[in-house]
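Structures for review follow.
In the two complexes that follow, chain A is the common piece, with chain B as its partner first and chain C second.
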Partner chain A sequence: MISFRSLFASAWMGIQHDLAWTSPPAALVLRTVAPFASAMTVSIIYWFGVTHSGLTFDPARLAFILVGSTLYAHVASYAWVPTIAIAEGKNLSVFPHIYLTARSTALYVAGRALSSFAISSTTSLAALAVAYYVLSGFLQTTIILTITPASLLMLAVALFANIPAALGLGYFLGAYSLYASKFEWSLPGYVAGLLMVFSGALFSTSILPWGVSTVASYLPFTLFIQASRDALIYGNLGDYLTSLGLCILGGVGLLLVSLWVYLAAERRARRDGVLDRRLA
Partner chain B sequence: MKARALVRLWSIFGEPLWIVVSIGFPVLSSLALSLLYYSIGAGNYIGFAVLGGVMVAFWGNVLWSMASQFNWDKQEGLFEIYLTSPASITAILVGMSVGGIVGTVPTAVIVTAIGWVLFHPAVAASWGAVAITFALTLASLYALGMTLSSLYLVYGREAESMNEVLQEPVSMVSGLYFPSVGSLSPFPFALQIVVSLIPLTLGMDALRQSLFSSPGFVSLWVDLGALAVMAVAFLAIAAFSLKALEMKGRRDGTISVRIR
Partner chain C sequence: MTRESTRSVEVSGLKREFKSKSGPVVALDGVSLDVGEGEIFGVLGPNGAGKTTMIRILSTLLLPTGGAAKVMGFDVEHEPEKVRRVINMASGAEKAGYDFISAKRNLWFFSQLYGMPSALAEKRITELSETLGLTKYLDRKFYALSTGYRQRATIARAFINDPKVVFLDEPTIGLDVMTARSIRDFLRSEASKNGRTIMLATHNMAEVEAICDRVAIIDKGKIIAAGTPEELKRRLGAPALVMEVSPPPKDLEMLRLVAGVKGFTSSADDERELSTIQVVVESDAASKGALDAMTASGHKVVASWRKEATLEEVFVALVGSGFKEREEEVGS
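And then the complex of A and B:
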């Protein structure tokens, strides 16, 4: 049963965990640094590659890469929070207290993911804005982004529409973390790397081999980034709605399957007595 | 030193799955950025992305398995044992570095092999120069890791956040995937000077020169000289700061305080 009180308590705990280790504004600024640097890196790669290969610099292509890189970093940074919440919780003996409560740990995981979504949305958009201005000055170009109330509203809707898919991925990884006690720490690297390659964040999925590109183009994360580009770059409402609809559809499907997997893993983990196992 | 290196090696090679797990980010990020170069029509620079994937494995190892290690050891209660043992802390750190380097080699080899098979990047290497450059880059990089390790002892939970803050910006300014110093750099000269204080920057510059072009004697050897100086300097700073922090920890009684 859904308990909003438990959900909010978990989300608040997540906010405290992520921001209260220093002053919250400083923590937010520090969390903006990584997505900003990541966006700058891929944008400079584009500039460098084009400039030194005698190709024509295309500001629209730069905008494509900038938006994609910021949003892939956003998804990567909150999709793996369930994994870390469980792994770190087991290591620091917080997680056994969570499962002793009357609620399923799925609520705790959801709350932590939602708090991370809120933080990551803030820092990713800040990183996008700062990178936009820095790159515009640095490369002396105009990056073609449409910033209007309507486009920002469309982006906000796309960000929320991606929550089911990211939470679904989080539950899958979390189900693994319930049992793992060694390798779960490196899952974030895999998640970030896979999203870089298969979500169309930096290049069109059409350059991937046949079959892989078809699957990649229908991933909810690819559709989310595509919808965000439709909102911020192309301004195409029809394509935006199509991508958004498919993203929600795929995301809800993924969430339902992964929640079922997570709850089954949780039941079995309780039975096997591995929820409080710290180290293998 | 040998004992600490063996512990690290055993933890990696005693569990082969660990290698499969640790190659994830270096392989996939290298693949993604190679595809980015390819997709924009700059396939002649794909070698930069492959080399970046190799070196990001070592940089990640320095941050997460060197800089943070003493902090984690402190939380687990191991650091007190180090201090009470007759072994020198610097020797333990050097052992950790040697184990970390050897343990990361499989990842580096796999990234190189995958990059080579998929993209066939053009290489015009002076292999002797590559070997010297690689050795000096790792020496200075792991010496930096030792220095950070001593500094991170001061911190509690902040250490991991500091790592997360450092990882991407340093990757960017040190030019893991594109030249950040020299005539091809997009950065202003003043910034190039500042980022040259990071060993990874000069190491990447020298590696790119020795792997992908015929290096100018002067520019390559300036990089190598600076890397050697940095390796010695960071080692000295690490030894000094560890001693100072150990004395402070003993005086304040905080050596065994695990989580703050």
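And then the complex of A and C:
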């Protein structure tokens, strides 16, 4: 009971904290700008590159890029929340008091990640929709996306299926954030850059060097984006279920390992006296 | 596990060493003390004496490197979750709230982390706000509260879970006189009416004298005296000597040679070109000796008088210098 209450309160606080700095609708609109701009940029670069090099423009490829870039932005905006929530909590001096309310801050961190999941799902899907309409008009082409109740349900399931993996990555980075007195604000950016290359967000992982390509293709984030493409572009239920199953399996594994690492880091942080240390 | 003790806080040989680039730093060096239920216990000492480290260990934010401590019978090292269920803590040096959320919602958030039913939490927030004079400002966002009201909200948070023991670190630092007084009144009432134990780390001697039942004076990680404020002051024997001396002496070593002088502090007034020197003496003879030594060193004693000892004089008598001088020593 206490756990659910803590989780719910942390998620509620996350939504308040992320949206209450201005009016919530304005905050949501502003949060849509980044994934929209990112989707537009990569899509136009693709279109410009293809049309100026004599290659054939492929609307299916554009859909591939559009879905990959917006869902990558979705993952990128909520997987890092644990790191930021800890760093910010230390600077606001609330983190040690949260720690003192329970056995661990892990539930708080999970609640903050879930609140950010809700916000970024809304903004990323809004960015995808707006980019779809703007690009369709601007490029005067039909972007091949299947928008039906079934495909949207499949997308929604994929979004939820990716939560364990995103939270797992969050706990890993959060363990660092418990200790860090520098880089904790920028670390998510560095990891996001790597993830963009290895998650198949903009190009297929098969073009990566051998070995790297195999590992990248089994990353839960790659599988999540793949499942989302299966839902919205290819409509292949078998591939979708395979990607989804592997994403959940890998995500749960990652979550269990990272939670263990986080709890160990928390115990060590208490020993070393850094739980209430303010950060640079 | 059942409680093994009726004492609220039991500390025995507590040690904490920190690693630093220049070698190990001993923050607590074998501290032992007991605090009874419903008692307001002050831990008084200059900055860097080890007060905050002790509060951090007792509130389970930090592990000790030696010794043992129990809160309400639960071991802080091995039973931190049980300790956390009966305590809370707050520090005056932090603002401890989410800026864009109202004070009320900040308090509600923490009540939920403690697992309080929402209706009970609302009732508790209302009660605490009324007692602390926060009611009118509850709906203001945290960043929009003045320092005083933010601190009231922080204190309210420290009592939100109905704790048996509350650890406070400099709870009135930086506050105006009226706000500090109202917080002290609140703390006194919580201890006397609700039987809460309050452990207060501070370097504010007036605060300790105003509300603490007992006090431990800490210096360089060691308890150097403990008792009621009155007991500690009685140990000095004679009222302190205060003298205004011109020109300001470059050093006061001549006072150390006077028999019966236990220690001294000084502050210079550049505008008036004189120093005010407070000398802790054992007897009237020592007081006369100090005046003579100052005159003999070529300085003019412009004025002198005796005053009742405060806890600072107790500290001076015990370590030979005041808080300010001690902080400079620790910092250097």
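In this section, the second predicted complex is superposed on the first by the 275 of 280 C-alpha atoms of A that agree within 3 Å, B and C clash if a C-alpha of one lies under 4 Å from a C-alpha of the other, contacts with A are read in each partner's own complex, and residues count from 1 in each chain.
Please note the rule applied: a contact is a pair of C-beta atoms (placed from the backbone, for glycine too) under 8 Å apart; a residue touches a chain by one contact, two chains touch by 3 or more.
Since this is a predicted model, take the numbers as computed values, not measurements.
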| item | value |
| --- | --- |
| Contacts of A:Leu194 with chain B and chain C, given as first, second, both or neither | first |
| Partner chain in contact with A:Trp21 - chain B first, chain C second, else both or neither | both |
| Chain B or chain C, by number of chain A residues touched | B |
| Partner chain in contact with A:Thr101 - chain B first, chain C second, else both or neither | second |
| Chain B/chain C common contact set on chain A | 21, 92 |
| Residue ranges of chain C touching chain A (in the complex, touch as defined) | 18, 56, 59-63, 80-81, 84, 87-89, 91, 94-101, 105, 108-110, 112-115, 157, 161 |
| Complex interface listing, chain A residues touching chain C | 1-2, 5-6, 8-10, 12-13, 16-17, 20-21, 92-94, 96-103, 108, 270-271, 273, 275-276 |
| Touch list for chain B against partner chain A, complex | 15, 17-18, 21-22, 24-25, 27-29, 31-33, 35-42, 44-45, 49, 60, 157-158, 161, 164-165, 167-169, 171-172, 176-179, 184, 186, 259 |
| Interfacial residue positions of chain A with respect to chain B in the complex | 21-22, 27, 30-31, 33-35, 37-38, 40-42, 44-50, 52-53, 55, 61, 65, 92, 138-139, 182-183, 186, 189-190, 192-194, 196-197, 201-204, 207-208 |
